[in-house]
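In what follows, subunit A forms one complex with subunit B and a second complex with subunit C.
== the complex of A and B ==
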C-alpha cells in the first residue's frame, strides 16, 4: 500500500501533447478512478504510472519513491488489462504464480499464494485449466488473481469490466468494491463508464483532452461540477442544461425559463449572477430535481411548480423519465411512474433549484462558485 | 410441381458434381504426370526405356537404377552416387533453417513488441531483402566469403542462406506477432519478466503455427537452391541439387535415364516428405493471423 503523486506529468508524441500537465495525488488505500471519453489520455496516464510508457516531463511518486524513470518491474505494481492478457500457454495456476516465479519466490510459497488467491476469488476449480477454456467472467477473475498474488503496493485496472456483459459487469463491480474494502489497497482504475466511476471511487479524476477537468469525491463531482463537460459527463441521464435569462427580482437575481409558459425560478447563489444580469446563462439541473409536484416540498425555498409540454415518456420501472422542451433545450424529468404524464399533453412539474448550478454559455465554466 | 423441380435440380447437381470431379482429376493428372513419368522411368531398365513410350508400365519392378543413383552413379569423376551429397545438403539445410528461423522469430518479436526509434525503417529495409534477386549478390557474397575465410565451406553456404532467409523469416514472424496483443507483453513486464524470458516463456510457446510455416518455407528454399550451391560450395561440400546436375551431365556411353530419374526423385524426396507431414499446418499457419484479425 502506498500513496500516489503525479506531479505535472506531460507526454508528447512529436508535436502532439497527449498529457498536458497532470497533477493528481491520492492517499494510500484510496480508490482513484480516471474517467473520460476515448482519447482523453487516461490510458496513456495509466501506462505512464505503470512504467510502460515514458513521460516527457514531470514526476511520478509511489509512496516516497520517485519512480518516474524506474522500469515497470521495479515499481511493484500489478495491472489488470481490458483484454485480461492471460498467458495463453499457461494454466490458471501458472498464470497466477508467474509474477512470483519471476521474483524468485520459492515453489512452496508460490503454491500457497495461488491457493490463497484462488480461495479469495473462488476460482479454485479452474486452476488446472488454460485461459482458452474459460468464460469471460472467469478470465476476468483470473486476471485479478494474477494481480493479487504479488501483493503489490498498488493496483492498476485498465477498463477491466468493459468486455463483460451487462449483468456480469454489475456483479464484478460489486466484487471489486468488496475486494478493495477488504484489502484496503491503493487502486487506480481507468474507465469510460461514469456509473463505474461513481460507484467505485473514493476520488474521481475527470479527464478531457489530456487535462484533468476536476478531481474530487464522487459526490463533489456530481453535485459541484467545475464546468459543463464534467457536469454533462457524470450522471445518467445527464444533467439538463437549460438556457435561462438572468432577471432582477426584488433586488436580487433569478432565472427565467421558457417552459409551457415563461417561468421564473430562484437560484441558490443569486449574487453570483449579477454580472450576467439581462444575459442568458445555462442552468444545470439534474433530472431528479424536476419531478411531479410533491406535497412535502410545497412552499419550500427554491421550489417552483410550473406546467411543461410532455414530448415523450420513458418508463424505467422505478421511475418514468419525462422528456420535455424548456427554452429550446431537451430536458429530462424523473417522475413517479404513477404520475399521469402523457405525450403531447401539458402537465405540472416541480422544479427544485436548491442544488442547481449555472454555467457561462460560451466558456462552459461554472458561474456560481 | 415443387417435387419435380427439386428432382430436376438434383440431377443437374449430380451432373455438375461429376463435371467438377472430372475437372479436378484432370488437373491433378496434369500436375502429377511429370512425377509419374519419373517414377515409371526410374523403375524400367535402359532397354525398356528405349523400346517403350513415356507412360508404358515397367515389365518388372526393378530398383537397380535407385541403388545406382544412391551409391554408384558418377557425378563428374567421382562415382559414389547421391548419398554423400544428400548428407551435405542436410548439413547445410538443418543449421541454416534453425538459425534463420530463430533469428526471424527474434527480429519479429522486437519489431512488433519492442518498438524502438526507427524500427519501422529497419523492418522496411529488411523487407527489401525479399526482393533482391539471387544473381545480384553472387559476386559481393563471393568476396565476403573469401574475406571471412569461409569460401567453399559448408559454414559459408549456411551463412549465405541465413542472410538471405532472415528477410523472409522476419516478415513471417513479424506478421504473426502483430496479432499477439501488446497487453500480453506489458503484463509480463509488470510481472517482472525480461526481454528473453518473455520471448521464451510467453511468445515462443504460442508460435507453433508460424514456426511450422517458416521451417517448411526455409527447408524447401534452401534444399532446392542450386545457384548458391553451385557458386559457393567446394568440391566436397556440394549440395544434392548440384550433384544431381553433375550426375545427369556425366555420361559414359548411353544415357541412363532411369538412374537420372531415380536421382531426381531422391533429391526431391525430403521436401516432399516435409510437405506431406506438415502441409496441413502450412496452410493453417499461413491463414492463422488473417482469421484472428
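== the complex of A and C ==
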C-alpha cells in the first residue's frame, strides 16, 4: 500500500504533447478511476505510472519514493491490461507465478502463492490449462491473479472489463470492489463505463486532451462538475443543458426557460447570476430532477411545475425517459412508468432546481461556485 | 488454394439452390478445369509414372519390365547415393539450424525500432529473390581459392590465409551451406519479423512489469509464442534442402568427384545423363518419401488447427 503523487507530468511524442501537466495525488489505499474520451491519454498516463513510458517532464512518487526514473520492475506495481496480455505458451499457474519466478522467489513459496491467488479468484480448476483454452471471463480472472500474486504496492487496471459481456462485467465489478475492500491496496483504474466509475471509485479524475478537468469523489463530480465537459461526461443519460435567460425577480435572479410556455425557475445561488443579468446561460439539470409531479415535493423551495411537449418516450423498466424540447435544447426527463406521458402530447412536469448548476455559454465554465 | 475456394463456393450454391444449375454455377468449374487437369496430369500423373518406373529396369528409355525392388536395392548399395544422402544430412541439418538461428537473430534486432528498417529488411530479403543458380555462381567466385576470398586476404597481407573448402572433398559440403544460408536466412528473418510484429505489445509490457529482462522476455515468452512460425520455417527450409539441385549444379557441380552431390543431383545424373532411368526414379521416390515425411505431419497439424478454430 502506498500513496501516489503525479506532479505536473508531461509527455510528448515528438512535437505533440499528449499529457499536458497532470497533477493527481491520492492517499494510500484509495481507488482512483481515470475516465475521459478515447485518445485523451489515459493509457499513456497509466504506462507512465508503470514506467513503461518515460515522462518528458514532471515527477511520479509512489509513497515517498520518487520513481520517475525507476525501471518498471523496481516500482512494485502490477497491471491488468485490456487484452489481458496472458502468456499464451504458459499454463495458468505459470502465468501467475512468472513474476515471482523473475523475482527469484523459491519454488515452494511460489506454489503456495499460486494456490492462495487461485482460491481467492476461484480459478483453482484452471491452473493446468493454457490461456487459449479459457473463456473471456476466466482469462480476466487469470490476468487479475497474475497481478495479485506479487502483492505489489499498487495495481493499475487499464479497462480490464471492457471485453466482457454485460452480465459478467457487473459480476467482475462487484468482485473487484470486494477485492479492493479486502486488500486495501491502492488502485488506479481506467474505464469508459459510467457505472463502473461511480460504483468503484474513491476518487475520479476526468481527463480531456491530456489534462485533468476535475479530480474528486464520485459524488462531487456528479453534483458539482467544474465545467460543461465534466458535467456532460459523467452520468447516463447525460445532464441536460438548457439555454436559459437570467431574469430579475423580486430583487433576486431567476432563470427563464421556454418549455411549452415561458417558465421561470429559481436557482440555488441567485447572486452568482448577477453578472449575467439579461443574458443567456446554460442551466445544467440532471434528468432525475425533471419528473412527474410528486405531491410530497409540492410547494418546496426550488420546485416548479410546468407543462412540456413530449416528443418521445423511452420505457426503461424502472423509469421511463421522456424526451422533450426546452429552449430549443433536447431534454431528458426521468418519470415513473405509470405517469401517462405520450408522444406529441403536452403534460405537466416537476422541475427541481435545488441541485441545478449554471455554465457560461461560451467558455463552458461553472458560474455558480 | 484457389481450387479449394472454388469447390467450397460451388458447394454452397448447390446447397442453396438445388435444382437449377446456371452458367454462373458452372463458371468457376470451367475456369478452374484447365488448371486442375494440368495439375493432376503434370504433378500427380508424372509422380505415379515415376513410381511405376522405379519398379522397372528402364535404362535409356522407359520400359515396363518389372523387377520389383531391385532398383532400390541397387540404390542403397550405390556409394555415390550414400554420399549424396549423408551430404543431405549434413547440409540440411546445418542449413536449417543456421538459417533459423540467423533469421531469428536478425528479426529480433530489426524489431528494436531501429532506423532505416525498411532498407535493411530489403537488403536481407533480397538474396531470396535471385535464383540459386546466381547464388551458386557468385559464391563459386567468392570461394574459389585462386581468385576469391583467399586471394583477397593474401593480397591484404595475410600470407598464410587458406580458405580452399571448395576444392576439399571433406569440406565442400560446407560451401553449399554457406551459400544456401546466405540466400535463405533473410527469408526466415522476414517470416519471424512478421511474427514478432503480431505479438501483443501489452504482453511485452506485462513481462516487463513482471521483472523479466529483454533476453528472458524473448526466450520465455515471445519466441515460444511463435511456435507456428518456427514450424512453417522448418518445413519450408527442409523442403528447400531436399530439393536443392541448382545450387550444387552451379556452385560445385557435385565435385570434387561426387563429394558434394545431393540426392537431386544424383537423380538427375542417373535419369538423364547416365541412362539409368529406373535407378533415377527409385532415388526420386526416396526423396518424395522424405518430403512427405515432413509435409504430412505439417499439413495434418495445420488442418487440425483450422478445425479447432
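Assume the second predicted complex is superposed on the first by the 369 of 369 C-alpha atoms of A that agree within 3 Å, B and C clash if a C-alpha of one lies under 4 Å from a C-alpha of the other, contacts with A are read in each partner's own complex, and residues count from 1 in each chain.
Everything below uses one rule, namely that contacts are C-beta pairs under 8 Å (C-beta built on N, C-alpha and C of every residue); 3 or more make two chains touch, one makes a residue touch a chain.
Being a predicted model, the structure only gives us computed values, none of them experimental.
Bringing the complexes onto one copy of subunit A puts subunit B in a clash with subunit C. In the superposed pair of complexes, A:79 makes contact with subunit B and with subunit C alike. By the touch criterion stated above, A:50 is placed in contact with subunit B and with subunit C alike. Legend: residue contacts after superposition of the two complexes on their common chain; A:89 is shown touching both subunit B and subunit C. Of the two partner chains placed by the overlay, neither subunit B nor subunit C lies in contact with A:197.
Residues 47, 50, 52, 72-73, 77-79, 81-83, 85, 87-89, 98-99, 102-103, 146, 150 of subunit A are contacted both by subunit B in one complex and by subunit C in the other. Residues 47, 50, 52, 72-73, 77-79, 81-83, 85-90, 98-99, 102-103, 146, 150 of subunit A touch subunit C in their complex.
Those residues of subunit B that touch subunit A in the complex are listed here as 181, 183-184, 186-193, 197, 201-202, 205-206.
Every residue of subunit A that touches subunit B in the complex is listed here, in rising order: 47, 50, 52, 71-73, 77-79, 81-85, 87-89, 98-99, 102-103, 146, 150. The touching residues of subunit C, when paired with subunit A in their complex, are 200, 202-203, 205-212, 216, 220-221, 224-225, 227.
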